[in-house]
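Let me begin by handing over the structure; questions about it come next.
Note that the chains are named A, B, C and D in the order they appear, and that numbering of residues resets to 1 at the start of each chain.
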Amino acid sequence: MGDWEWPLILFTVLGQIAIGIIVMLWWLDRDRDHLDTQLFKQGVYVSGGLLILALLASLFHLGHPEVAYRALAHLGSSWLSREILLFLLTFLAWINLFWLSRRQTSSHPIGADAATITTAEIAAEGQQSGNRSLGLGITSVLGLLGIASSAMIYVLPRVPAWNNVGPVLFFLLTTGLLGALVTLVLGRKLLHPTQKKLLLQCSLGCTIASLLFYVIYASMLSASMEGATSLNFLLSSPLFWARALLGWFAPLLLLVSMLKNSQVAKTNLILTLTLFSVLGEVLGRALFYLSATGIQITALF
Amino acid sequence: MKLSRRKFLGGAVAAASSITLFNFNLLTGSPSASASAADQPSEAIKTFRNVCPRNCYDTCGMITYVQDGILKKVEGDPKHGYTNGKLCLKGYAYPRRVYSPDRIKYPMKQTPRGSGNWTRISWDEAMDTIAKKILDLKQRYGSTLPICLDKYSGNFGIVHYGIEGTMSSIGYTTRAVGTPCWPAGIDAQTYDFGTLYSNDPEDMVNAKYLILWGQNAAWTAIHSFPFINKARERGAKLVVIDPILTSTASKADLYIQVNPSTDGALALGMARYIIDNNWVDWEYARANSIGFDEWVDYIKKEVTLDWASEKTGVPKDIIMEIAREYATAKPASMWVGYGMQRHTNGGQNVRIIDALGVMTGNVGKSGGGVNYGHLETWGFNYNAMVNAAPKGSKGFIGPDGKEGDRAINMNNFAHDVSAQSDPPVKMLWLACRNPGAQDPDTNAIEKMFASMEFVVTVDSFFNKTVEMSDIVLPATTHFEDWDVMASYWHYWIGINERAIDPLYESKSDVEIAIELSKKLNALEPGSCTFPTSGTPEEWLAKEFNPGIHQMLGIEDYKELMDGPRKANMPAASWSDGKFRTPSKKIEIHCELAEKNGLPALPIWVDEMKTPEKYPLRFMTPHPQHALHSQFQNLDWMMTANPEPKVEIHPVLAAKYGITEGNMVKVYNDLGSITVKAHLTRTTSLNVIVSYESWYKNSNFNVNYTLKAIPSDMGKQATGNDGLAFHDNFVMIEKA
Amino acid sequence: MSKQLGFLHNSEKCVGCRGCEMACKNEYQIDAAPQWRKVFQLHEEDFSLPTRMFFSMACNHCAHPECLRVCPVEAYTKRDDGIVVHDPNRCIGCRLCTMACPYDRPQINSAKKKVEKCNLCYQRIDNGEQPACVAACIPGALELVEINDILDQKTGVLKTLPGLPSPKLTTPSIRFIGPKQGKQIRRD
Amino acid sequence: MTFYEDCPPHVLEVHSQLLLTLSQLFAKGGEKLPQTLIPLLKSCSAIADHHKVEKLHLTNQVLAQYSEADDDEYLVMCYEYNRLFVGPAAPVAPPYESVYLSPDHLVMREQTLAVREIYRRENLQAVGQRHEPDDFISIELEFAAYLLNRIIEAEAAKNNAKIQLYKTLYREFWNQHLGLWLGTFAHTISQSAKHPVFSSLSNVLSTLSTLHTPLNTKEANYETFAPQISRGSSSCCL
């Protein structure tokens, strides 16, 4: 059975939120002008802050963080090396975004008088938002690859609970879910209702997928002895049921009711929902590490 | 960061001048510091020859690697033909023993005893306190008899007999006499053959059939395995007879889980079947022994296979099988372990097994023998031991009218010390001995210690005995001593060099004796005869004599520094047929035994009955990670084997609602211990097993439940009967 | 790679004396906690009769070492003779190898915050000596061998024992001669 | 924050005195506390006055209170001293560097050899070399005091080269040895001390240790320390 790996939990969850935000911004930015510049800036800053926090947290996992740079040495076969590389590239791409966001003029309030905008401004803005979209896209792709690499680290033949598509799937779903919700929180005043709805739908999709895949994943686990041990651990752990409540059932109820009753704008609900989901995912990640049972020597002494 | 030394050091002169300016207390000018040495911070590795001095069959030759005066690692000595360059797990842990911060470092005094209030004292003060106490007792009681020595097997180095010498040199004292481990078997062989004398264990390779009887070599004599294996490769069958399915038994071709204490019945059953089939070596038996036919008659009259089978729990056909095989595979070897004689009929059982060996003509044969142990290679001078009592010393008048030391029973130490009244015992000197952990009835030991006026213990670690002492003196490890070691099993003798300087203020037992002698003589001239000079190596040199030289084929002890030597003796004991009994023959009928109140013949004597109240036999054999209370406290051992366990058969455990890992209380009238359960079918339904040991920071001690019940023999050769360690009965419950 | 060195463990001969375990610690003066080599006692129920049977295991110098694959700093290298060497100077203590090895042989030294493991005494092998554990094995149960088809075709040579992870995971360079049970006359 | 070695000579003198009184306290042991506690109190007061360390003032009050203790109280302190540092039971806080810094917590390890080598560079060696570990706290403290005195001498002689050399040597010795374990040692004492005097002693040691903090944080990590290990370890090891 694994340990309570705080540095890894923080690194993966925070990193995934950070990249999730960028992905969401990129998605919202797919049609020009749809992404509010203020939200872009905020998103980029928050994402960057989280990314830095995540990278710092990861250092605490190491026995010798002062030589963490060496982790880049084994790209040939180590997913950890690849993860670090991709996260560093993501960070570089983020610096580009940061630079873009510093240069971005404030966007106009929704419904501003179009006549006051000169053609030059339009051209400049078009250029800007083109760069922005490209920047967001590159960061998103690198980030998602980084997350996939993160997940691939855990795809170890020794650990049946991890040695499948599960880690990649769950890491990406966390990215989508928390990315969407945090973006929603950031843009609670800046997003169009339709955009909000989209983000909520995305969250709902991710949550449902997460629950469904988890059920399938759990049934897969029981196939191996070690997997079954993991499963037993999970089902008998109060943490797991807290995770299920916070991360699946409560958000599902909230999301369905919010979407049904068009309460997309209610800040309190958004905050509550995000808090639940973040807690649920953190617990889920903790359990991911805790429940890992490796194939091992079984002997008397 | 690296400094160039020459820049700021004008050499020794500059340093010397600086020393005059600064008042050093702990540092001093370094004579060795020269420019050339400065570039070579580390010395080359030096090797030394050592011998493990523990109470163990194997007495391994060791090579010790030392650099800069620090012991770096140990290895087996490849020149040692029995241990062949290999050590056991305990041997490899020695560096941890030497450099453990737990070691006792200085002489220390406890006030009051048992309080845990210790002050550090100088050697001078320690010796002064002890000497004054000795003189005070001598004055008060008119002799040194109130002083009692308990020394045994903590270090079997020959120079360590200086401990006995320490006592001899102050006068006549009270001595714990005997040996807890093996006396019943020693007497059995003494009655039968005149003494204990086993074949060279390397000769086991010539056996065609091998019975290990109550012997767990895998844990207690691991170096015998290559020889056993060699014999097996040559076709020998290995039979292990033991109440516990040990690691050794698990390797056997045939394992027999005999009822404890019924080994003699099994041997008699075998003898009966051998007689019935006339596989008896009549020629050998009649030519070499007396009383053989008398014994055969007894068997024909009294012993049946059905009886033997019922008694031992071994099916008849198995008794027949091993009887046939043992009698017809010539030669066949038996190794009688010390475990099987720790019963109230243990010595008698060994005598029966001896007779079985004689009956089949396996005694005196290469590849044969009834092998128990020997002391043939121990003919040293015991120079450090033999000191005349000071003039005018008053002694104890023994039953023979001779004046001398007062012997008390080591195996009932607590009781016997307390029982002395004329004069009473007032002071204990303990060295190479930890009765607090190893003696029976720990509660009684605690009480007895509490009644003493003064207790001195020499040891390296803070064990239960040190805990109950007034003064503790730090003992050197064998790496810090000069010594010579012989084995009671193999035929090799090795020298033990001083590989490193004694750590802290530790001293060897002889050095302690010298200090004490100086002090006593200063306080009262002539009060101690122990010599007050001689280097440790000189003391070692004095142990050798022409007999030892000849036995080893050397002219000087220094030749042993090139490697251990094997005694020049025939591979088979008794091959010359010159037995050392009064009759010069094997005494199947032994009048000496009869005189001592024992059966003259090796006939069946009933085992101890299981008391109704305590239906479970609690066996406490030797551990794997320790030798008695040595080794298990070291960090490597505490990692590898962190806690004691009691082995319980699953069916028995179920009866008491005990599952794996439960804490179990094991108790009887004497006391109790609480220990974790391990369920295993390696033991039987009415036997529970826990291995005796001293764990660091633990009061676990199997002897809290152990009564000082004597075994049937031991008095003749060792002064006192042994202990029936394995006739201990208890009850268990889930704690 | 020209060859693959490994261990041949004879459970028939091994009496679980743990000399190899301590000889390894003595050779390198390893701290108390890490056990580069460890003697395991097999479960009693894996045999027809109760017994004390053992195998001794250090790093298996696998043909497909997971430790080497996952290590981000290339602290692990595989020599031409197949020995998987861990270089503590490169190690950053990420512990991924301890998660990946099914035998739990790379172990974190919590004082040094680095992983350590058996390097098959390569410096002794290069000197023509036996590894410390093999040299110390009194019953001759542990051998240094070349793992190859010739060995695998010998009768009695096994690739695994009960209680061990499937060799398919990492192709460990260890072979066994299975424990053999004698006859037992028991009282239960 | 000023470093010890950069202080003016009269301050160095105060520090040197503290190191020496501590050295003497550990060298003479629990039995001689009546003689060693008062000098320690004096040098602690001097340090407290100079550095305005509040914690030390409180500590000094305790020390002052117990330095006037009667014989019985001193005996209690002696027992506690031996329980903590000497034995014969396994001591709680053995006063040897390698017990804290070597991963296996034994004496006579690489740290012992490393300090032996540093002493030797100064043409010095421990009086009890090969019997007593060279990294016994008293020896290390005395050596540190000696280095401070060399700085004072050099200052008096206005020998700049020597001043620099001894300052460097002092810093090196502190950062690689005393500074690395005094804090842990003090902590171990405070965790189990049953007598206020030893809590105070622990405070003095940790204050001594923290007065050097700026240096510690700069260099006292494993990596700077690792080469010491590999240099010190024997060739029979990897």
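Operating definition for what follows: a contact is a pair of C-beta atoms (placed from the backbone, for glycine too) under 8 Å apart; a residue touches a chain by one contact, two chains touch by 3 or more.
Being a predicted model, the structure only gives us computed values, none of them experimental.
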Innermost chain, taking as reference the mean of every protein Cα atom displayed: C
Result of counting contacting C-beta pairs for B-C and C-D, higher pair: B-C
Chain centre separation (chain C, chain D; CA means) in Å: 44
Centre distance in Å when chain B and chain C are each reduced to the mean of their C-alpha atoms: 34
Mean-CA-position distance for chain D and chain A (Å): 51
Whole-Å gap between the CA centroids of chain A and chain B: 67
Sites on chain B at which at least two other chains make contact: 72-73, 95, 635
Per-residue overlap in chain D, given as positions that touch at least 2 other chains: 104-105, 222, 236-237
For chain A, residues contacting two or more additional chains: 64, 67
Residues on chain D engaged by chain C in the complex (per definition of touch): 103-105, 222, 236-238
In the complex with chain C, residue positions of chain B that touch it: 72-76, 84-95, 217-219, 222-223, 225-226, 229, 238, 245-257, 259, 313-315, 318, 624-625, 635-636, 638-640, 649, 651, 680-682, 684-685
Touching residues (chain side chain D, partner chain B) in the complex: 23-24, 27, 29-31, 75, 78-79, 82-83, 86-91, 94, 96, 99, 104-109, 112-113, 116-117, 119-132, 136, 138-139, 142-143, 145-146, 149-150, 153, 161-162, 165-166, 168-169, 172, 231, 234-237
Residue numbers on chain B that touch chain D, as the complex places them: 1, 3, 5, 7-9, 11-12, 14-16, 18-19, 21-22, 24-30, 32-33, 38, 41-42, 45, 65, 67-73, 95-96, 99-106, 108, 116-121, 462, 466-467, 472, 474, 500-505, 635, 696-697
Chain C residues within the chain D interface of the complex: 27-32, 109, 111-113, 119, 123
